[in-house]
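Report on the structure given below.
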Amino acid sequence: MTENDFNRRDFLKVLGWGGTAVALSGCGNTSIEDGKETVTSYVTLPSYVIPSISNYFNSTCAQCEAGCNIMGRVREGRVLKAEGNPNSPINRGRMCGLGLSGVQAHYNPDRVRQPLLKGEAITWDKALGVIADKLNGVKGAEVAFLTGNMSGHVQALLGNYMDELGSKNHFSYEAISPAVLRAANKKAYGVSMPRYRIDKARVVVSFGADFLGAWVSPVHFSQQYAQFRKGSRPEGRGVLVQIEPKMTLTGANADRWIGVRPGSEGVLALGIINALGKAGLAIPADVAAASKAYTPERVSGETDVTVEQIEKLAALLKERTPSLVLTGSAAEGYAHGSQNAAAIALLNRVLGNIGKTVEASASVPFPQIAPTVGNRASLVSLNDGLAAGKYKVVFSYGVNPVFSAPAALKFKDNYAKADFKVAFAQYLDETAQAADLVLPLESAMEDWATVVPEYMAAPEGAGSAGYAQMSFRQPLMDKLYPDTRGIGDILLALLKQRKADKYKEFDDFYAYLRSAVLKNKVALGGKATDDDDVFWDETLSKGFVPMKGIAGAVSAKASASDLRLPSATADQEYPLRLIPAVSASMRDGRNANEPWLQESPDPLTTIVWDSWVEINPKTAAKLGIVEGDIVEVTSRSGTIRTQAYLFPGIHPDAVSVPVGYGHEAMGRYAKGVGANVFAMLDAVFDKETGELALNETGVKISKTGQRVVIVKEEGPVGGSQAGKKKIAVQVAADKVDLSKEV
Amino acid sequence: MSVSNLLENWSKFRHTHPVDDKGHPDWEAYPSDIKWAMSIDLDACTGCNACSVACYAENNLPVVGKEKYSHGQAMHWMRIERYWDESAGVGEFDADKGARFLPMMCQQCEAAPCETVCPVGATNHTEDGLNSQIYNRCIGSRYCSANCPYKVRYFNWYNYPEQEKVWPEPLNQQLNPDLTVRTKGVMEKCTFCKQRTYTARNNAKTEGRPVQDSDVQTACQEACPVGAITFGNLFNPESQVAKQWKSQQVELTKEVQDKDEKEGNRLRGYRILEELRPYPSVMYLERVRESAV
Amino acid sequence: MQHILRLFILLVGLFAGAGSYAADAAPKLTTPDDLGPQIEQPIEFPHFRHAGDAKDGGMQINCMYCHTYARRSMVAGIPPVQKCIGCHQSIESVRDKPRIQKLFEYWDAKKPIPWKKVHDLPDFVRFNHERHIQRFYFQQDRPYQEVCGYCHGNVKAMTVAQRQKPLTMGWCASCHQKDHPVSANSTETGHGPNDCFTCHK
Amino acid sequence: MSKRYLLALYNNFDEAEAVVSELRNSDIKGFDAADDLVVKSPIEHPEVEEFLGEKPVKVQWFTLGGALTGGLLAFTLIAGSQASFYSQMKGGKPIVPIPPDLVLTYEMFILGGVYITVLGFLICAGLPARRSPLYSAKVSEDQIGILVKAEDGSVAKLREIFTKHKALEIQEEAGR
Amino acid sequence: MGKDIREDIAWAQINKDVLKSLESPRKLYWVILLVAIAMVGVAVGCEIYQYNVGLGVGNFDNPNVWGLYIATFIFWIGMSHSGTLLSAILHLMHADWRKPIYRFAEAMTTFSLMTAGLFVMVHLGRLWQVYYALPYPSERWVWPNFQSPLLWDAMAIFTYLSSSVLFLYIGSIPDLAICRDNIHQGWRKKLYSILALGWEGTDRQWRNFRITYLTVACFLIPLAVSVHSIVASDFAMSQQPGWHVTSFPPYFVAGALYSGCAAIITLFIILRYVFRFEEYMTLPILKKTVRLTFAIAMVWTYLNCIEFAATWYSHDEAAKAVLIEKATGRFAPFFWGMIFCGSVVPFALMVKKWQTSIPVMFAVSLLLNLGMWLERWMIVAPTFSHGYYPWTWDEHMWPSMVQWGIVFGSFGWFTLLFMVFCKVVPSVSMYEVKEMVYHRSLAKKKEEQAVKEELAAKGAN
């Protein structure tokens, strides 16, 4: 690899994948075939490549923002599978289904293969020329760049580009990001994303944080959860209580799932504080004052949680410390979401968890590569700007707002108002279809990048306090399509249009990245005397580099003074609360065209290849709905038709529809599957942060008279074992001896 | 050939393998020093489906699509089952204590009901304790599936690679070359990642040492975010799986475990449908729930 | 009596006919002289020149010098072009032979040579070169010509390699059922695995 | 001296019986009732066999031989192939399990028995046979035929006996 | 109540009457034949489609891996048992009334076995590799698995089919000789003279014929029992709830005889009508067959009760669940249909007046056949959709038109074979009817003689 004339991509080339490469059509042909297939052979081959034996190259997963470190299994020039990097503090060698499906994003048959100008294939030179033309004479303030979460050197380049354009309009949008939580955390603990230590807690009370499914860094939290559940741990087996109106994967794994009335999470938190006080825990005066009015009886009435339950929970929290209270998307998606989050954060303060299970995290020492995290408020402001005709040229990368913006925002119409829209896209999704110019991206398995995760997990042991890391994404195989380019390369080319001489030393993004990394060798754990090539190779082979991060500090000064928690008001016309459910595999729908994800059943309903609406059996009985009824879910902003699924894990006042389905474009596996729940969300905003409140939509449900057989993994008896107690068994914790287990 | 073999093998194979008449293992007769086994901690399992997707990736499983899925023709070797509490009665579901998840795949039974009934001998017991499935030998009578108590055998109802075009170019480049893509009319099932155990055994043999835990992980085990799956050689007392089986007092060739007869048994290892005597090689650990809350 | 005789002849004839047909239909276990089909390769590689005995003008190169992966991988592998060039760039005497020129054409164009597979097993078969080389070459210490030649035939006398052995399942199994000494100077014997699953994937 | 064949047809078994007993008691030169007399009937008639005298039937021996061969062959084939099929183990059962093998042994026992019995029948009954020198379709309809072979000289005598017992028809042909 | 066969019927008349059935058929024959061919065409089309696309087109799913094919397979196997019952068992019992009707019953055995055999093929996922199931010495040294009941099945069917064909053939040699003697035109002449093997009815031939016929009959009886008990072992030897039942072999055998008898009644009536065989297929014979059917129906009902009771009072919860599922679940209409057709309808056979009523018996026999088909389906399907493992229970699987088409076509195939047979081989055994008439007249004579003697003795006194 250190040979000068050796281009790394050479051996990643797919060469003659006959017999040894893939065994297609396994059976049938039983004879020896002479001379029909070609042997995999190479011109040159590094000594570590042995045919039929896989090589593993470290890289970083791009399927969600957690940024797990992965190893790509490469054989005969093809990447076959993503496996976890065992040394990574984030995922510790593990993977989730979404991450594993990354290879299907790479090999996807529906990828865009060449630049498209209004649907016509053009060359890259022409495409870049068109961009230069269109930017000609446009003021910086008239250019907007919409991205999702970003970090690393691509972000640095983007920053440079925006500077060159003289634009400050970089909008970072994520449809399902925990944006309210960040703000609330900042207020309560002083850091927006502290390290949660589920593994150290004896009790975890999670207000709708689906940390095993789709929340922040699920694989990392799953690791912590595995520790937390170990009976042989010094703290003993941990207890998980999940409080949320719609059961998430985490709720399904809780010792106690509490189906709270939607929106009343903050009330319940204060009720628990109140009960804790009654149980004899010392409560700081301001908190005591704030929670004084929330007697268990009142709280019980508002939240639908029994008094007994609240008291039991308080007793458990008092007895078993340290505990950890988490705020998740289910609690923050309201107009008073920030208030909810603040009330819940008080619990951590009261219970003395801050500093114990809520730890300070560190951020990378280079601000230009630190993650820009997306939120929904930025989309709203972009939308407002578009509506006002402020932006002439709009770039979008890695986001699909036409699909995921609430219909009430009328984003699609506003987007059309911009003169020239450029989408950097891997698929021809809804946004790319609405764009004028589509530039095809390389997949994450062909591209170079660095990634700094927002949630900075740290390895065990000393030195974890100031730990920060930067992960590397490197090509795992040769480009499938010669006419695709990496985002870094495109940005570099665009920069060269503006300032050719400043960037002329960099042939491509790889060169830029390499030089940027080598320049900061020392900060990245190397010595100044290290050979550049050796250092670079070692870094790549590790897949990530630890850095001495800028450590933050957590404070326990959350104030309880300005809490205003509204009581729930009944909506006569739209009596049910719609909860858009975020599933671990589908998330916001950007991975909907990966068939493994479509075919892997939703863990709770086991439904595949379609969306559904979850209804509590009691509500369904009232409405006369049975499983498989096609129903119309109507809000003030829109209507969707989908199949009804009776689900015990949802509050009777709520219904839930998964997000990510209902694509009208994107590819053969995503198109036309299910209904898009984003399209029917009301435009209600969190009062403090301006975030779109996802759970604030009231709906009504009506039957259409049609009925289908739901396509799902579970059989007609549902989750019943039909009296067979020896299939999936559950025992009470005090009935087993967990402490001596191996 | 056959008569001399008969005479030669007669005495060798008169006795049953590996379960002799007394109902406990005749390990002496076991032809190798490896018995692959698994244990799955349901208390850790979160039901996230990562194992199942990993299995799709590793074992070239076809994605059949909605239409065929609706006909029950899904090809997931590892399926995640989700059960509810039924405190109020059968079919009356109660979500207060969450759900229970159970990853189900071929249990690699020691006395597998599927093996004896295959008319062509396409499924046999291997010397390392697996229940093999020889795709090319299969004629598709589906008798094995009919006789499987767990219903974990999956039949190729269609010609997925060629006629159904399940792997359109370039999706087919992802296929794992270590095992074939099965064509229509063939039964298939979980193999405990045969290609991985094969490589592990091969490497260990080349190095002249027994197989260790660190040599091999199944794809599901490797992916599992909570590490609920343990896999290894049950005959190696140093292996994690053997330790777990031992500490849970689960013995491979018993249909009723001694510990289950005892009062106040504080262990949680069990095997599914043990009473049918297939002697499954997968031990599950009961899900635990705190009752104080 | 006539009837009996007639019937007898009929039956015997039937059995004999069916038997001889069956015997004929089954591929023969070893076919020492029956070479497989001739396969056209991009370059007519003279195995006899490289691996042949010195008395026949060969250079007696060990098979595993070029097919170096055989001892550590499932597949024996075809050497990269680099390997050919490694020697041939310093062998001036044959530089202008047409085959060598062709080789250099590939090298200069940086293109891999599209060799055709000669010993091509069906897709559902797993054959492991490493295992066999380890067992017979390293442990049992047999000459490499014998070890490799058992399946590949007398390659050192061929130009382009041709399949000489049937490579059928029965042929594989005939060897797997034999007892072989476990090492060069051991009386202990063992045979190949019997499990279908070992070779079928 | 050349032989001649005579076929006489009768209406019922009583007449035929009378003819046969008379033929047997008669002393005609060159005619032996045991060898040269064949009775043909449209139905199976035990009395005919009775008055013709005991002639042992040997089909049973074929049956016995066939059945035993079939059974033995089956067991050897099955057990032998199980033992030599790479000794594949099946679901905790022995390589050569006796009880299941007996099922097929039993089937082959029957198969062998039936096949060889039928073969034995063909051999014992002399089938397939060429047409005998004299045959009348009446025999397969409703009449009983008595076919005799005798020397030229005794034809008249035989004819006389046949007519005496009200033969419906008498055919004659030179023999070989 | 019609008349029985006349003792004084002329033997030549028998020949004439029966041979008439071999003459050129009426138009209706061709119409039915064409319909049968069309039905076969449907099945062949379905099979080609299924062969090309895969078994999935039959709408199978993971638990329901066997559909109608295996149920129909058992149905046809079961139907084959009637021939053996009539020709072998009743032969040994010297029940002479079987003689006019056993020939077509035996033909039915052969053809239903041939139909059943096709279902084994249709059912396979890889029909083109079916030779893997044959025990032939191959270069690979690979053998089928002789422990598999499915292989026993194949072997039993082969044995039964070939034995039945031989039995049918041996039994009809004398009749073929009659045909040879009476038909002198065209291809038939050649065919019959070859098939008759030069049979002349000599005493030597008859002697060996009798013992052979008896021996083969003796073999056929245990063979028939073993065939259907082996089919039962396909289920009883497995471990599935509802299948793993000790009483399955006798239950299957009883069911087989039952459906066979029902089919005999159906065909009896059809042949009697079509060939005007009123003289031979007389109502007293029908009556006896009907009574026999009723007896077997009761045996079957009894075994059914035994099976249900054993399941109900056992501790096998899974088997009990399957039973409850059968009786109350999705299959309830079919289950109760089976009980109605199999156990209630036969009581119509008890009514004396109906026993000889052609239309009533025709309708009843069709219902019985339907009931027996349902029985087979109710054995196979519910266990699949309600096995040990609740998660895999499936209530939605319904056989697709491809499956139904092939099942439908199998009836056409059977009809086709049977109709061709009826025109080639006499469907009433002429020589045995002659024997029957002869023995009956002898017995009558003897009786008259005895009466006379008695009278004479009385007179003497």
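Letters A, B, C, D and E name the chains as they come in the text, with residue numbers starting at 1 for each one.
Quick note on the criterion: a contact is a pair of C-beta atoms (placed from the backbone, for glycine too) under 8 Å apart; a residue touches a chain by one contact, two chains touch by 3 or more.
A quick note: this is a predicted structure, and the numbers were derived from the prediction, not measured.
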Given chain A and chain E, the chains that contact each of them: B, C
Which pairing of chains gives the most C-beta pairs in contact? A-B
When the mean CA coordinate of each chain is compared with the mean CA coordinate of the whole protein, which chain is closest? B
With chain centres defined as mean CA positions, report which chain is farthest from chain A. D
Per the C-alpha means, the centres of chain A and chain C lie apart by a whole-Å value of 53
Separation of the C-alpha centres, chain B versus chain C, in whole Å, is 36
Chain A and chain D: spacing of chain centres that average the CA atoms, whole Å: 90
Return the distance between the CA-based centres of chain B and chain D, expressed in whole Å. 62
Could you say which residues in chain C touch two or more other chains, in rising order? 122-124, 168, 173, 194-196, 201
Show the residues in chain B shared as contacts by 2 or more other chains, in ascending order. 1, 74, 81, 113, 116, 121, 124, 126-127, 135-138, 179-180, 186, 273
Give the residues of chain E that touch two or more other chains, as numbers and ranges in rising order. 126, 141-143, 145, 147, 151, 388-389, 391-392, 394, 396
Which chains touch which? A-B, A-C, A-E, B-C, B-D, B-E, C-D, C-E, D-E
Quick one: which bits of chain E touch chain C in the complex? Just the residue numbers, please. 136-142
So in the complex, the part of chain C that touches chain B is made up of which residues? 122-124, 126, 128, 130-131, 134, 193-198, 200-201
Show me the residue ranges of chain A that touch chain B in the complex, using the header's touch definition. 14, 17, 20-28, 30, 52, 75-76, 78-84, 91, 93-97, 99-101, 103-104, 107-109, 212-213, 218-219, 222-223, 225-226, 229, 231, 237, 239, 241-242, 247, 249-259, 312-313, 316, 480, 584-585, 595-601, 603-604, 606, 608-610, 617, 647-649, 673, 709, 711, 713-714, 717-723, 726-738, 740-742
Touching residues (chain side chain D, partner chain C) in the complex: 86-88, 119, 122-123, 126-129
In the complex, go through chain B and note every residue touching chain E. 1, 68, 71-74, 81, 104, 113, 116-121, 137-143, 145-147, 149-151, 154-159, 163, 184-187, 273, 276, 278
